[in-house]
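You will see chain A twice below: alongside chain B first, and alongside chain C after that.
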Partner chain A sequence: MSVAELKEKHAAATATVNSLRERLKQRRQLLLDTDVATYTKNQGRSPVNFSATDLVCCRTLQGHTGKVYALDWTPEKNWIVSASQDGRLIVWNALTSQKTHAIKLLCPWVMTCVFAPNGQSVACGGLDSACSVFNLSSQSDRDGNIPVSRILTGHKGYISCCQYVPDQETRLITSSGDQTCVLWDVTTGQRISIFGGEFPSGHTADVLSLSISSTNPNMFVSGSCDSTVRLWDLRIASRAVRTYHGHDGDVNAVRFFPDGLRFGSGSDDGTCRLFDMRTGHQLQVYARQPDRNDDEIPTVTSVAFSISGRLMFSGYSNGDCYVWDTLVAEVVQNLGTLQNSHEGRISCLGLSGDGSALCTGSYDKNLKV
Partner chain B sequence: MGTRSERAADGEAAVAEDQAPPSEPASRRAAGGGGGPGVFIGKHRLAAAIACLDQEILSLQKELTELETMEPSSASCKEWVFQFTHCSILSSLHVCVSVVNAQLCNSFKNNCRVVASTEGKPDPLLPITTGPENSSWDRWFQRVRSSRNKWWAHKASDFS
Partner chain C sequence: MGESGSVTPPQPKSPPEYPDVSGKHRLKVAVQSLNHEIDYLERELNSMEKTVAASRCCKELNEYVSKNPDPLIKVHEKQRKKSCCVWDIFRAIVCCSWVGFCCTRGCLCCFSQPKRCCLQLKDIVCCQCCHKGVRCAECNCSKISSCNLESPCPECSCRCVCSCSRCAKSCGSPICTSCCKGCCLC
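The block that comes next holds the complex of A and B.
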């Protein structure tokens, strides 16, 4: 077949794909006959009622000298690891506010950090396009720095997010500005699978976040600048299981619901959304009320669910931290207006292992519990 | 500075100031040629792209077929709200899963098996929650004796 014929075939296939996508969009719209809030309110359910003192800030973790970009809790202990523009990871005992480790990174442009399931290692990544793993028990060098245990190289763009596969110290997934996600064997440093890329169908823009299902660790979702969220099966790297449309901007954050069957997402379009993983239905849109003080719509930077899933916490670019009642889709508290709240953008947030505490990280250089 | 992608772009611009501009990729140089290796590379990539699009077409057609028989979103909403409501009640009555299995119908059993560990879970951040109180939730409000050691605590110490 000549190049001209191939080009003609390519154009025809592209047109077919576009037509099918439009038909899918219309069909899905027809199936959206209600959302969770409408259904719940019709049953007479009212929102969770918070008093002014039900959620209070009880710790401010100070020590970073730059914006905080990411944080993660250990599954069982009260430790938090945070990553900052100052080029350091700090490990905190959140109960005592003490810093147990401060790790100076080779590349200061870090964007994400995570604890290993056993809490003995931390991993991070950023503009160096590599994921670095540090063993917290390692001997420090003369300058007091912990040496890197493993560097996972292979991505062709920045590392936006990394997560360990639950209960597996040796498997880690990264998301990247090169439009792919990668499953790594941390022990060997080898890539096990690549999700997306030029020819395997995947995201068509930078991937910004990922979340692994706790109830089915073979499944993870990724959010991207292409405005979609995609569901992947670790065993099938060739193509995404499902693509979720709805957002009108970069999807900055994704997080599985506690039951592992739904997930939430947060976007530059200022909304959070809840999707049903199995059917692909968009169950709910969580949209802010327009505020006269906002010059532009605050973007959603981070999302997390309480341990029961009744509450969703979302951080915004203007410093707000909304607590949503997920069932009735109403804001029941704004942590950004409480006494002693952050003074800048909320960049990251996460719940402790037992769900008793929420930690938020901010551009004001602090973390708060 | 905005989201992660904007942060990355600003960071990359700062890092790349001293770097030489990247050379033109080989595929771009070769693509426009009339014969020889350039045509082979162009045809190969085109064929691969077409194969990828064909896979995408199959996948989209499969999804369209699924949607023909899929229940509307109201069914998914109903299932989720049902799980929140009924399994919370069961949890507060301390009904164990084995009793549920023995006595209730299949669909209800499946719903509760999926969510007995989630929506029925006691939630320390809710003003009112199901299940027995867990005293460890209050550890954040107890006074903690602060160490007089330097902040880079000894590695061997147990801080948990």
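The block that comes next holds the complex of A and C.
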């Protein structure tokens, strides 16, 4: 085929793609007959009523000497692992505030950390493009450091997020600046599947976060700098199941709703959105009211849901931490304005396993519960 | 010698037409990629035939949220007491001691037994603040009586210092129940 013929084909294919996208957009518009807030208000529901003492900071976990970038709770015990710019992972007993482990990392530029389902191991990753796994029961060396149990190498870019597949100690998924997500066998250190990259329908920019469905652990979503969220099936790496459009900026955070069928996302465009996994519908946009004090729109750094899903917590680059009534799409509290709140950007947040406590991590080097 | 018309200036020869292999290859890849995208979009368009409206998803969402209790949302007092958990105790203690200086560390006596024992103390203080002579009746906090600010309990990581000037002056004890409500800054 000559170059001229190829150019014609390219032009024709581009026109077909644009036409299909337009038809898809119109079809979806017809199905978007309401959003969550409108539906809920029509049912007569009012926002959750929060008083100043309903959510209080009862613990400040101090110890990091650098910005806190990531945190994770154990599924059952009240332990938290945090990762910081100081090049350490710290494991905390959240109730007593004591540090049970302080792990010095080989590469200090860590961006993510996670507990294994059994709470016996932690994994982390960052600018070294590798995911390191530490067994908390291992004996420390002479300097008091826990040796690394496994290093998962293969990504060609930084590790932005890692999550264990629920109830599986040996399966871990990572997201990366190389535009892919990878499913690993932690025991062998081998890559099982690669999601995106050379395969079509993958992300076209850095992947910044991922979340695995609790009710269907074969499904996970990833958020990217290409402004989209994509749904993947662990059993089919060759293509994304669905792409969710809507955000106007990098998608920094994604988190499944407790029912495992919807998910929330947070973006550089300053909004959080709720999508339905199966239909692809954007069910709700959570946009903050413009603030005269904001020079630019604060970006959403992190998102989490309460155990019932009624509350959505979102952390922002200006230190705000909004508590949204998910159903009514209104802010019921801003934890950033409470006494004893963080003094810097909220970088990460997460709910305890039983849903009774929220932990936030910040650039002010502290974690708060 | 006569001049016959204008002289055509010499023109450089055009470069030979080499086959643009890399450009052609890139075009092929781009066309392939677009064809994949077309397949993907057509599949998605077909699946939209069976897709339900957003209102159905909103209904499911509302039903799910209604079915599941949430420990972070205040419910009727009776229901709350039934589902009391450790974090509820900490929250209650923080609220009860909100008298200017609030002890944010909570009471460790009831860590494993979430009972009202420590809440019944008139002056709610951190166990780490070594409220000497006071022992929680329900839990055996024997470490408390031996704990002092110089050498805190092995369990304690906090070195509480009372900021109340009356305490320091009048009785010399960091924690004095008569003049100080057990305020402490950790």
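In this text, the second predicted complex is superposed on the first by the 351 of 369 C-alpha atoms of A that agree within 3 Å, B and C clash if a C-alpha of one lies under 4 Å from a C-alpha of the other, contacts with A are read in each partner's own complex, and residues count from 1 in each chain.
The working rule: a residue touches a chain if its C-beta (ideal position, glycine included) is under 8 Å from a C-beta of that chain, and two chains touch if they have at least 3 such contacts.
Remember, it's a predicted structure, so these values are computed and weren't measured experimentally.
Superposition of the two structures on chain A shows chain C clashing with chain B. When the two structures are aligned on the shared chain, A:D268 is found in touch with chain B, with no touch to chain C. Of the two partners chain B and chain C, it is B that touches the larger number of chain A residues.
By the touch criterion defined above, A:N252 reaches chain B but does not reach chain C.
Contacts of A:L127 after superposition: chain B is touched, whereas chain C is not reached. Judged by the touch definition given at the top, the superposed model places A:T53 against chain C, while chain B stays out of reach. Contacts of A:Y158 after superposition on the shared chain: chain B is touched, whereas chain C is not. Of the two partner chains, neither chain B nor chain C is touched by A:K104. After overlaying the two complexes on the shared chain, residue contacts for A:G177 are found with chain B alone; chain C is out of touch. By the document's definition of touching, both partners, chain B and chain C, reach A:I307.
Look at A:N340: by the touch rule set out above, it reaches chain C but stays clear of chain B. Aligning on the C-alpha atoms of chain A brings chain B into conflict with chain C at a single listed stretch, 56-64, out of 2-10, 20-28, 56-64 or 92-100. In the superposition on chain A, the residues of chain A touched by chain B in one structure and by chain C in the other are 1, 3, 6-7, 9-10, 13-14, 16-17, 20-21, 23-24, 27-28, 31-36, 39-40, 43, 48-51, 54-55, 58-59, 78, 95-98, 200-201, 239, 242, 257-259, 261-262, 276, 279-281, 283, 306-311, 327, 354-358.
Those residues of chain A that touch chain C in the shared complex are 1, 3, 6-7, 9-10, 13-14, 16-17, 20-21, 23-24, 27-28, 31-36, 39-40, 43, 45, 48-51, 53-60, 78, 95-98, 200-201, 239, 242, 257-259, 261-262, 276, 279-281, 283, 306-311, 326-327, 340, 352, 354-358. The touching residues of chain B, counted against chain A in their complex, run 2-5, 7-8, 11-12, 15, 39, 42-43, 46-57, 59-61, 63-64, 67, 70-74, 76-78, 80-81, 83-84, 114-115, 117-127, 129, 134, 136-137, 139-141, 144, 146-147, 151-153, 155, 159-160. The residues of chain A lying in touch with chain B in their complex are 1, 3, 6-7, 9-10, 13-14, 16-17, 20-21, 23-24, 27-28, 31-36, 39-40, 43, 48-51, 54-55, 58-59, 63, 69, 76-79, 93, 95-102, 109, 111, 126-127, 136-137, 140, 144, 158, 160, 177, 199-201, 206, 208-209, 215, 225, 239, 242, 250, 252, 257-259, 261-262, 268, 276, 279-283, 299, 301, 306-311, 317, 327, 354-358, 369.
Contact residues of chain C toward chain A in the complex are 20, 23-24, 27-28, 30-31, 33-38, 40-42, 44-45, 48, 51-55, 57-62, 64-65, 68-74, 85-88, 90-91, 93-95, 98, 104-106, 108, 111, 155, 157-158.
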